[in-house]
Amino acid sequence: MRIYFDSKWHDEEVRISVTDRGFMYGEGVYESLRTYNGSLFAPQKHFNRFKRSSQILGIPFKMDFEEFKSILTEGIEGIKEDCTIRVVLTNGDGKRPVLLAYIMELQAPPSDLYTYGVDVGISRLRKIDESALPPLLKTISHANLMIAREGKENFYEVLMLNSAGFVAEGLMSNIFLVENNTLVTPSIDTGILDGITREVVIDLAKSLEIRVDERLVNVDELFNCSECFLTRTSAGIVPVRKIENRSVFQDEPGVITQLLMENFRPYIFQRSDLW
Amino acid sequence: MRIYFDSKWHDEEVRISVTDRGFMYGEGVYESLRTYNGSLFAPQKHFNRFKRSSQILGIPFKMDFEEFKSILTEGIEGIKEDCTIRVVLTNGDGKRPVLLAYIMELQAPPSDLYTYGVDVGISRLRKIDESALPPLLKTISHANLMIAREGKENFYEVLMLNSAGFVAEGLMSNIFLVENNTLVTPSIDTGILDGITREVVIDLAKSLEIRVDERLVNVDELFNCSECFLTRTSAGIVPVRKIENRSVFQDEPGVITQLLMENFRPYIFQRSDLW
Amino acid sequence: MRIYFDSKWHDEEVRISVTDRGFMYGEGVYESLRTYNGSLFAPQKHFNRFKRSSQILGIPFKMDFEEFKSILTEGIEGIKEDCTIRVVLTNGDGKRPVLLAYIMELQAPPSDLYTYGVDVGISRLRKIDESALPPLLKTISHANLMIAREGKENFYEVLMLNSAGFVAEGLMSNIFLVENNTLVTPSIDTGILDGITREVVIDLAKSLEIRVDERLVNVDELFNCSECFLTRTSAGIVPVRKIENRSVFQDEPGVITQLLMENFRPYIFQRSDLW
Amino acid sequence: MRIYFDSKWHDEEVRISVTDRGFMYGEGVYESLRTYNGSLFAPQKHFNRFKRSSQILGIPFKMDFEEFKSILTEGIEGIKEDCTIRVVLTNGDGKRPVLLAYIMELQAPPSDLYTYGVDVGISRLRKIDESALPPLLKTISHANLMIAREGKENFYEVLMLNSAGFVAEGLMSNIFLVENNTLVTPSIDTGILDGITREVVIDLAKSLEIRVDERLVNVDELFNCSECFLTRTSAGIVPVRKIENRSVFQDEPGVITQLLMENFRPYIFQRSDLW
């Protein structure tokens, strides 16, 4: 792992004061980026969200996009495989914020899961409601996500319902369903994060003339949808084989899922605003 | 500040790996203890809650009470003033949990505030509902508490309502009201932490034959109560002078508040189970 | 239909003032009873709930159980088939409450559904939370139940989730699941009505040494349970064949459901407190 | 009281079948209109909301605006004092809906309350959340409004918080606050009804160049606002003197409240779209 700390990249272990407010109180924000063929994917969008999170939590973050991008570009230099970059800003000692970045192995499922599909469970814990925590804030205070996995350790991903019981998102991904040839996905006002891959997949679907419906998604739709997939920065589009013990597909992912998967990489490479 | 880390006490700065799960994901729990006249207050109760938190978050914590107490006793040796001890357990690297303790100056209000009273505001953010996070878990994932202060920085303490709009607790304290000579305080099923000083004050009030009513507390009671005070481990009982712009008392704290304040120290010293 | 109104039974149509507060504001409460072999089932329990509802809504109801029972007994005299009796108390003109009773055909499913099973859907509307309406109140203000059926008209029954998204109850029935040979049913603190048949079935199961677990029931359990049935005063125990498009059983109801169905009538006839 | 029923106006008592679904299940919707100087106020707006309610509850309502208005106009003929008209549509026997109208004395406060102000309490019951009942539906199923008054009988009006504890509306009125010379009122997405007088007052304020802020209103603002008033079809603008035991004004309503009150009648009479 390569780590950015104290304004430079380190290949050895990095340590931080145990009085850092990020460590003491979870007072920090983060973003997870990835590379495709060695290039940073959607760095501007991630930068914007990172800045937004820092503003919500009240941590000063003065760096501009160019500097942000050049730090990350320097960090991934010479790395052959596509990787995940986690960027963190903590409130430091309350006066000087601390910026870190971690370059890690890509957190993507093994490649056969793209054809075989993954299993998802439904968490017994709800998403934190927006009256208690802004859903657009990506904070390192993740305790509820830890507990949300309880009893569901065998699933690739766990879906969370929002505070009113509507389908929200996975712990690490957004969810899409197909119903009557329409792509259905929870709307932002469900209280979810506006995932970047989610947004790109919606754009892609529209460009393929697939109807997209962003709205509240009720749990009955998990029983009835004909296709289901997850989106996540590090993994792209991942087909869902089963939701709890309900089989979504047997042989291969549904046609709309496959169509989107096939077109995803060509589509993002042609979108100049994503690089 | 004196810090316990890696099985011993340090007087110099202590640093922890930036890959510690407590730092990366807020995957840690804590307790805050204090001393009275140099002795640890209610260490058994704090130990029990610390253990309970670690179980909820799934962090192994095998230490028994005797060892826990002897570490803290060693840490406060030679410290003259009463102090606060923050104990933290993180999930470390996911295999070996990390135990820390911080000995800090007592986080109590200046002594004139015990007669003058403090001002409290009402947060615009709600407590996280128990369907999203167990209220009995004291986690270091505190991001929502940071935001809960927004716009209320001038108040000594900020009250949070629970997800249904009932009065819950302060960011750092529990709240008590007096109505018709009865002590009223939010019940545990409001979704609050079972504060140790809160519990001791309830016992004290009963011993003084003051009626105590633990139940859902509606916001109208913040307008109508005749007395109000906060309880907190580090501060004991703190009278509330104003709630937002509503004056609770002018000259001196109400009689029940004063009665409890006067009897608090004698009462706890006579309770052998608290030492 | 035979109707009790103005202190006597009528076989012709009965009309009420359009200024009755039950009609103007839904200010009324009700209970639905039934007969088995011509005898009133659990009249004392229904009377108690009727009284409780009237107290919650603040409608004076002074009648004692003996009088209540004798009115209903008079009403069902000479009726051959088992029937449903709906009892209503409105707040009348605000001074004198109005008591009505309707004797109606039994609202039970056709008998082959007891072997074939019924299909249930999941409503897109939530139960009204107890912070807005006491769940133990059976009021004639039923507008939300009307809307809860929307889009789910083809199902025999529609399940409602509570305000936090846990499985609560059907519009007209309580729900039971079987998991690992244990009978699981939403606990009262889910915010449901304490159905009388629900309670009797729990007693019956315990008498048969079946383990019963009353607790919050998460939606994942609707995907995973091995058996499912509904209970309702007018229908007893009704096996569920499908939940949305998920098949619960193919050939015949599961063994625990069947065991309870077979023993239900013998059990209630032997319970002298139910008659 | 004059009542419209069965397609004509009656001066004597009117009765309806006790099997009407409006009476049995609260399956009905309503609107309350009023006259100013003998003319119907905003009949088109009320008609639109009445139609919207009937659609939400699924009760067929085919009448057009002209017929609706001519029925009401006929009903108020010869009535000297300004009056309230309550229009009701029930689902009848499930096949033929039933339309009623009641002409009643104006439900306005005594005139000295316009200078003296009224007292409002805060209910201990929450508004029904929109996940359980559409807030735009005006249904006769009013049981929760009955209970919301409990313990608050001495107040002119009782405020309800929404399911997340934000200020929503009174049982019969909308609420406005003044803070820093800005008019603040709960936004529609708080889950409130879009009151017609509320909407007209917002228009009026803007025409007077008063800044208007429609948004979530937190309970702290009830402590801190400098002025407060209610709006309601039957009463127009009513100044609030006290919220629970907090005094909002002593001598006379605040300047913005007075300015709006003085200009309300001239303003509505000049708006041709309201007649």
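Chains here go by letter, A, B, C and D, matching the order in which they are written, and residues are numbered from 1 within each.
To be clear about the criterion, a residue touches a chain if its C-beta (ideal position, glycine included) is under 8 Å from a C-beta of that chain, and two chains touch if they have at least 3 such contacts.
Just so we're clear, the structure is a prediction, and the values are computed from it rather than from any experiment.
Visitor: Chain B and chain A are one sequence twice: same or different residues at the contact, by the over-half rule?
Guide: Homomeric contact, same residues on both sides for the most part.
Visitor: When B-D is set beside C-D, which has more C-beta pairs in contact?
Guide: C-D
Visitor: Could you work out how far the Cα centre of chain B sits from that of chain D, in whole Å?
Guide: Chain centres of chain B and chain D, defined by C-alpha means, are spaced 45 Å apart.
Visitor: From the mean C-alpha coordinate of chain C to that of chain D, what's the distance rounded to whole Å?
Guide: 35
Visitor: Check each residue of chain C and list the ones that touch at least two other chains.
Guide: Each of 126, 129, 131, 163-166 in chain C touches at least two other chains.
Visitor: Looking at the complex, which residues from chain A come into contact with chain C?
Guide: 121-122, 124, 126, 161-166, 218-220, 222-224, 243-246
Visitor: Show which residues of chain A lie in contact with chain B when the two form their complex.
Guide: 1, 3, 5, 13-20, 22-27, 56-58, 86, 88, 100, 102, 125-129, 131-134, 137, 139-147, 150, 163
Visitor: Please name which positions on chain A make contact with chain D in the complex.
Guide: 129, 131, 164-166
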